[in-house]
């Protein structure tokens, strides 16, 4: 079965939640799927977010549900997080931290890459 | 009558054409109005554009009509143009070239600033 | 005339910084709060504020020299300055 | 596996450049053609192309080392590489 | 003061309408008046009555309508921008040869001149971008 | 090769649907097949039948429909994304308590599973972002 990598490069938003919906459906299909957060996409990870105050659903909650749907590999491009002052302790989800070379490898390992 | 400055910071697009529509209507009201192109907004100025090939109206044509509607002051933030390799010769419209200090002055002279 | 610079996206801060003048103020709102930790804000010499609920919603901390304000503070800044410019 | 990097907005180029590998290619399309004059493209060591009609529509010149291609070239790059990544 | 609002972002793609509403509430609380809220570009999408949101997603359009109704604020969408995005009243639809209408009650369509007028009359104008 | 397209940008706000169409034409000309064109996020706005464009603005939706009709390509819009943006068929509208429909003939609504299936079956998948 063709593997898919969801590349998340945009900050939290309603449209970001729609990307998560796609990941969830992908999991239902038992398609090998993983997620890589990069650039402003890492802003979706801090657990302190209180999105209800902004009048939208909390993306982190949906991201937390991904594992339940069979998408267990959440990966973070560490340089993107560092550049935005996001530390390991800020991220409540179970994620793998990748350096540039590892992110490049992950990007080149998927049969399909879907961007947001 | 309150003067308005239209600050154009985005590249050509269909939405950019809608900003130009607003400028045209502004001119009809005989409101003192001027336009300042800055950042990627300067990409709207080169006359070599062939937007029909992209399936959209040519913004430069509409910009050329602004003078007819009483909006005669088109201003360009020169550092933005230089950073994007856009030279005086590329711009067919009659524009004023402003440096940082002049752009700052223009920005602070309007009663209302509308951004795109 | 004085301006309040409304930074709606963090990328807008770059342009904003080149065009501020004495008497102006900067307000970060929406995704603009992501710029709250930008070191250039400290050297700006004019007041900088960020909307606390927009920051909380994004998990962003507001620390000095940036002042945390509510939307009432947003309104006050708009009223106190002659005009506003949105950097989105 | 090899990737074709589809740069749809010029800002996407920054991220793209950090993640290319041997065997990859870069294609600038849509607003991505605005990056055609970026000096970093010359040092990349992999083929870089830009869609000529997207460039013409924006008044952008395509000069070496960037190759001008049509949408047929876009299709060829997608087919020749194992997967595509869009940097928008 | 009288404050005019120009809102250019859609509820799905932007925080603009939600932020503008919070601003409007705060402005009224401080004794100011919202002279007009004008929706332009993608901002007009707020006025599509066929929008149907999941129960757990807030309806910014409904919140704007409740606010406007309570405080007598006019919500205006640009007629040209709206037509391009499929937001039309019965008259606009008929002119385009279509039956029906998609404009949500409580929003009115008008030309950009309404925004220019609001801008001229108001003491302040604030843009909420896409 | 079979190529699946994922289109996330709206005709008004993005060049995505126009670029995707030019890609699709070139793909067919080169002997490939468009397995499905799936519209997600703001991309679904292409399927609003109430869109009414000035005569001098090209209708990308109409061009997509003509292409799809001629070459038997399926144009699918994500049902969830479409509902959020007021693009609904009669059934979806009725479920939301509304009469009428806004979906343009020639587009079909379907769940994201259709896109996942297309991705699994196709040899290549290309995303056209917002």
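Labels for the chains are A, B, C, D, E and F, by order of writing; each one numbers its residues from 1.
In this text, contacts are C-beta pairs under 8 Å (C-beta built on N, C-alpha and C of every residue); 3 or more make two chains touch, one makes a residue touch a chain.
Just so we're clear, the structure is a prediction, and the values are computed from it rather than from any experiment.
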Each chain counted as touching subunit B and subunit F at once: D, E
Fraction-based call for subunit F against subunit E, same above half, different below: same
Chain separated most widely from subunit D, comparing mean CA positions: E
Most distant chain from subunit B by Cα centroid: A
Computed distance of Cα centres, subunit E from subunit B, in Å: 25
Residue numbers of subunit C (touch at least two other chains): 31, 53-54, 83-84, 86, 88
Of all residues in subunit E, the ones touching two or more other chains: 12-13, 15, 41-42, 57, 80, 84, 125, 127, 129-130
Subunit A residues counted as touching two or more neighbouring chains: 14-15, 54, 112-113, 115
Chain pairs that touch, as defined at the top of this document: A-C, A-D, A-E, A-F, B-C, B-D, B-E, B-F, C-E, D-F, E-F
Subunit B contact footprint on subunit E (complex, rising order): 6, 8, 40-42, 78, 80-81, 84, 111-113, 115-117, 119-120, 125, 127, 129-130
Residues of subunit B that touch subunit D when the two form their complex: 11-12, 40, 43, 46-54, 84-85, 90
Touch list for subunit B against partner subunit E, complex: 1-2, 4, 14-15, 18-19, 21-22, 25-26, 28-29, 31, 112-116
Residue ranges of subunit D in contact with subunit F within the complex: 6, 8-9, 29-31, 53-54, 70-72, 74-76, 78-79, 83-84, 86, 88
Subunit D-touching residues of subunit A, taken from the complex the two chains share: 7, 9, 38-39, 100, 103-104, 107-113, 115
